[in-house]
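Chain IDs A, B, C and D follow the sequence of writing; residue 1 opens each chain.
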Amino acid sequence: MEGNHSHDHDLGFWRKYIFSQDHKVIGIQYGFTSLLFLLFGFGLMIVMRWQLAYPGQPIPFIGTWFGEDRAPEGIMLPEFYNQLGAMHGTIMVFLGVVPLAVGAFGNYIVPLQIGAPDMAFPKLNMSSYWVYFVGGVTMLASFLMPGGAANSGWTSYPPLSVIATTGQTFWLIGMVFLITSSLLGSVNFIVTIIQLRAKGLTFMRLPFFVWAQFVTSFLLLLAFPPLEAAGVLQLMDRLAGSSFFMPSGLVVTGQALNVSGGGSPLLWQHLFWFLAHPEVYVLILPAMGIVGEIIANNTRKPLWGYKSMVYAVIFLGFMSFIVWAHHMFMTGMGTIISTFFQTTTMIISIPSIVILTALFISLWGGSIRFTTPMLFALAFLPMFGIGGLTGLPLGLSATDIPLHDTYYVIGHFHYVVAPGTIFALFAGIYYWFPKMTGRKMNEVLGRIHFFGSLVCMNAIFMPMFIVGLAGVSRRLWDGGAQYAHAQPVLHWNEFMSMGAWTLGIFQIPFIMNIFWSIWKGKKVEENHWEATTLEWAAPSPPPHGNFLTTPEVYRAPYEYSVPGHKKDFIPQNQPMEA
Amino acid sequence: MKELLHLPLDGSAHGLAIDNMLAAIHWLMLILFLGWGAFFIYTLIRFRKKKNPVANYAGVKSHLSSYLEIAVAVFEAVLLIGFAVPLWAKRVNEFPAEKDATIVRVVAEQYSWNIHYPGADGIFGRTSISLITDDNPLGLDRTDPNAKDDIATVNQMHVPVNKPVIVRLSSKDVIHSFGVPTMRVKQDAIPGQVIPLWFTPTLTTDQLVAEMAEQFQLKPEGTSPKLFEYIALKDFIAKDSTVVLKKGDVFSQDVVKSLLDAGVTQVLAAPNVTTEIACAQLCGLGHYRMRGYLSVDTKEAYDAWMADQVSQLPQDPVAAVK
Amino acid sequence: MELTHAEDVKKHVRVYVTVFVALLALTIVTVTISYLNLSVVPAIIVALIIASIKGSLVASYFMHLISEKKLIFAALILTVVFFLALIFIPLLAMSDRIH
Amino acid sequence: MEIPYTIKARPDTGLFNAKLGIWLFLASEVMLFGALFSSYILLRIGSVEWPHHVLDVPLATVNTAVLITSSITMVMSWASLMMKDFKKYRLYMGATVLLGFGFLIIKYFEYTHHFHSGELPSHSTFFAIYFTMTGLHGLHVIGGMIVNSYFWGPGSKMWKTEPERFTNRIEVAGLYWHFVDLVWIFLFPVLYLL
């Protein structure tokens, strides 16, 4: 804070804040952009939930803004519903959560936690943000295309996606940018973590969050390129008239399609899920990392079973590459291949259980402080538990028969990504806010945000299991109103929508809190939470180059409440004799 | 547990095995969740800062958790090897003999299900995409001798009860998914491929409907509005022996009044259809309304339906092709 | 690789030239074989073996993989494992289908 | 604080940052082309017939030789820097760029020939995969040439100020360039010969 701000005032406004190469500025750019996208993605869902609750009724207030070709007289058309659904999924996953978890937290925290002055390749870091930004803008621009945005689901299965409107081309181009950005970022993270660790910071002394980011980066590095390839192939199908994913003999609305044929729609699914299954662990691992940090800090004791957690994360990362076809059980799989994927899917649930168990047991014997970040981190555990456990019946092909592509699946993954990952990300924001700004976020607003969100999230997603078990398909414009088997559960749609809208209201205290705290929040010391990891040894906010003196590490990451020690924490960089 | 899950009615031979497995796995999930949940809440209360101001550096020493993890793994393995894999093998490998089964081709398109029966000769006639028209969505070549007796319907699938059904599934345009919740089957319809699936219906649609029936109290005003979406399960005949409502008809305010006049205060009614083919894969803007009907009939009713279809067959096959 | 002396480099240059000649030779071999009209399977096997030899020569000598640090090997082995999964599992999935 | 190990290797890993970085990047490229090869195999196995020798083999053989030659000039340019011979470096690097250019020109003739005979991606799966794979490879060649030209021209100023760093950069650029060559070594038999 008082220290010499090395050379960062030489840079002009543009180089300092816009085209900055400082990992902290880039982290914050990522953070704000991705939060805005999250809010936007949520906004799409708020509109969609109206249609689900009151099918075919005009959307109040804003219905007429969408125009005649999307919502004539405020009534949402099915094609618009499909656009909103596809874009909600895409935006939440690729423009919201991944950039927030990896781009923002990874960028800001990882170099600090390993005692590095910056990322290994600052220019590359800057370009990955801007490539992400371009990808995001491309995605958004697709709403303005004739025919609107992509409308074939976030999974973009051909042939539907190949015969879809122009929005799909934008989706593909946007994805190529987003994937490229992630690739550049992941190279940067891996090199940074391997090469720039401070002296004494061995791999087994890395904070759990860094481990999570490290494994995540490998997932990004090796799983994303196949989707990039698939995206190129689909672009060729759409623009150059090739038939990679188009079989022979297609007849669309009574007209034989004039393509050479010979392609395979399932090829896309393999390439897509080869990415998209590891992708879901990209969504969850950083979240687990954040939760681990916060739990250690707020129980004032080391994480229980740190080593087993690390091995579990590595194993999880590895396994996540060979479970992908559990999304494809209904595509006509034989016994051998389905047994293979069922087995790997069951195996991959074990490391998750190991990590969760370790986090639970870490609570035992602690001196638990219920700060706002801790509340979110604690809520993550059972919420992820529900999401993860409901993955099990989906992972067995026989029980997947009645559940596949129903709201049960929607419930399953929202429990892991919304009250799971999103809560962990909220926890991270509350926890590291003091490091980023030197000020603390308001606890009262934080608690309102927490309890409101917790109740609403469950109100939205718990009924989805009921609806799904009743056999109601997902992606239905009218939420299933046509179907007799949906009648007994139809009334839940309104309830879930109410939950979603109320959830929106409960985000207001959070948004207020962020902006208020940036300028007016209570000023706090650099190690406000009395934490042990290296980021707290830097000033708040850290200057360009991060540390005033080169840090050196002497011990494991979470030396809290060490017996015979005066204070209840020993920072990693504190020399032995102190 | 099975009751708690509120699964749709099951009218198939293999459905029970799936439902039981679903129940078993939900038991595992519930026990794990409650076990951990109890531990979680107890820990939060017991070790809150006020109660436990100084944390214990070492924490839990026992290896109980490892045993627990192993137990979960074992349970999963049992479910997998003992139930999931055999069940799947039965679904995809052990097809019933074709001669003992009702064989139907189903060709999905945006947004309907084309149902194709081979007719009396048991052989599906030739189809060609060049013959596809609005009247002939299957592109059936009626000049082919095998096609002369073929029956084609749209969205109406009839099968006899207690006899295995083999569906040969494909699609004309995009990927759809043939899901019948009450039969516990689901299979993607992928263009360019023919994928078979099979099930044995054990309850007729009428029996299933009867199981879904609900009692309604009739009141002069304020009868549950749900009733007006439901159908009658039997004929209602007033004192003067005029028919107020026939079996299968929908209720209306007037009907309710007449029924009350006739002294009827409660009725049994059921949803209009129960055995539906629901498209489960996003296939475009009409995905939500891509609904077909599966009618499971008694042998007699099925034969009668078939005979009726046969009687409607075009007499001059060439003219039918046009 | 840590090359400090110009002498060492000279030695390497000889290796580069040898590899270069081998690559050209193998190219000619594989093209010649392709005109022999072998049946499909042996043709594919031979062509892929030759390509793999050429590929390993480039990787080992031009890219110095042969004397590279084990960290890089670890990353590459991981990549190769997933690469093989990506190639073979979809193939297996395509061949093991309900029919 | 400065970012460490940009020039010198980190003792415990034995690597400088950019070298690790480029290898990781190449790993991801392996997966990118791996997905394309996987698609190729799947589509080919699923196809009814697959054309044989419809592409211009002699031309492609020449092109293979061109690319292999550019690989050795690339590695020689780095070796020249190691021997502190900047003039030779310029020579070899220049040759590498020119050979890359030659490769593209030959490719251009191949492409236009196919365009004129109507053999477009929409013609058949074979031509679709041919254009996609060689096109993507071609883009990689162009990318490499841009980098190499930069290091041949304006970027080479660094030799005067930070020779060690510059040598590292050439090594990294070389790794990329060899990889592009390596991909072609597989593309050539797979598309042209089989």
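Here is the rule we use: a residue touches a chain if its C-beta (ideal position, glycine included) is under 8 Å from a C-beta of that chain, and two chains touch if they have at least 3 such contacts.
For clarity, every value in this text was computed on a predicted model and none was experimentally measured.
Chain A has the Cα centre that lies closest to the mean of all protein Cα atoms in view. Distance between chain centres (mean CA atoms), chain B to chain D: 54 Å.
Distance between chain centres (mean CA atoms), chain C to chain D: 15 Å. Centroids built from CA atoms put chain C at 37 Å from chain A. Residue positions 194, 222-223, 226, 264, 266-267, 270, 274, 332-335 of chain A each touch two or more of the other chains.
Shared interface positions of chain B, i.e. residues touching 2 or more other chains, are given as 92, 195.
Along chain D, residues 13, 15, 20, 24, 27, 31, 34-35, 38, 42, 46 each make contact with two or more other chains.
Contacts between chains, counted with the stated touch criterion, involve the pairs A-B, A-C, A-D, B-C, C-D. By the touch rule above, chain C contacts chain D in their complex via residues 2-3, 6, 9-10, 12-13, 16-17, 19-20, 23-24, 27-28, 30-31, 33-34, 40, 43-44, 47-48, 50-51, 54-55, 58-59, 62-63, 69, 71-72, 75-76, 78-80, 82-83, 86-87, 90-91, 94.
Contact residues of chain D toward chain C in the complex are 9, 13-15, 20, 23-24, 27, 30-31, 34-35, 37-38, 41-42, 45-46, 53, 57, 61, 64-65, 68-69, 71-72, 74-76, 79, 82-84, 174-175, 178-179, 181-182, 185-186, 188-190, 192-194. Those residues of chain D that touch chain A in the shared complex are 1-5, 10, 13, 15, 17-18, 20-21, 24-25, 27-29, 31-36, 38-39, 42-43, 46-48, 120-125, 127-129, 131-132, 136. Those residues of chain B that touch chain A in the complex are listed here as 5-8, 17-18, 21-22, 25-26, 28-29, 32-33, 36-37, 39-40, 43-44, 47-49, 52-60, 65, 68-69, 72-73, 76-77, 79-80, 83-85, 87-89, 91-93, 109-110, 129-130, 132-134, 137, 139, 172-175, 177, 179, 181-182, 184-188, 190-193, 195, 229, 271-274, 276, 278-289, 291. The part of chain C that touches chain A in the complex is made up of residues 71, 78-79, 82, 85-86, 89-90, 92-94, 96-98.
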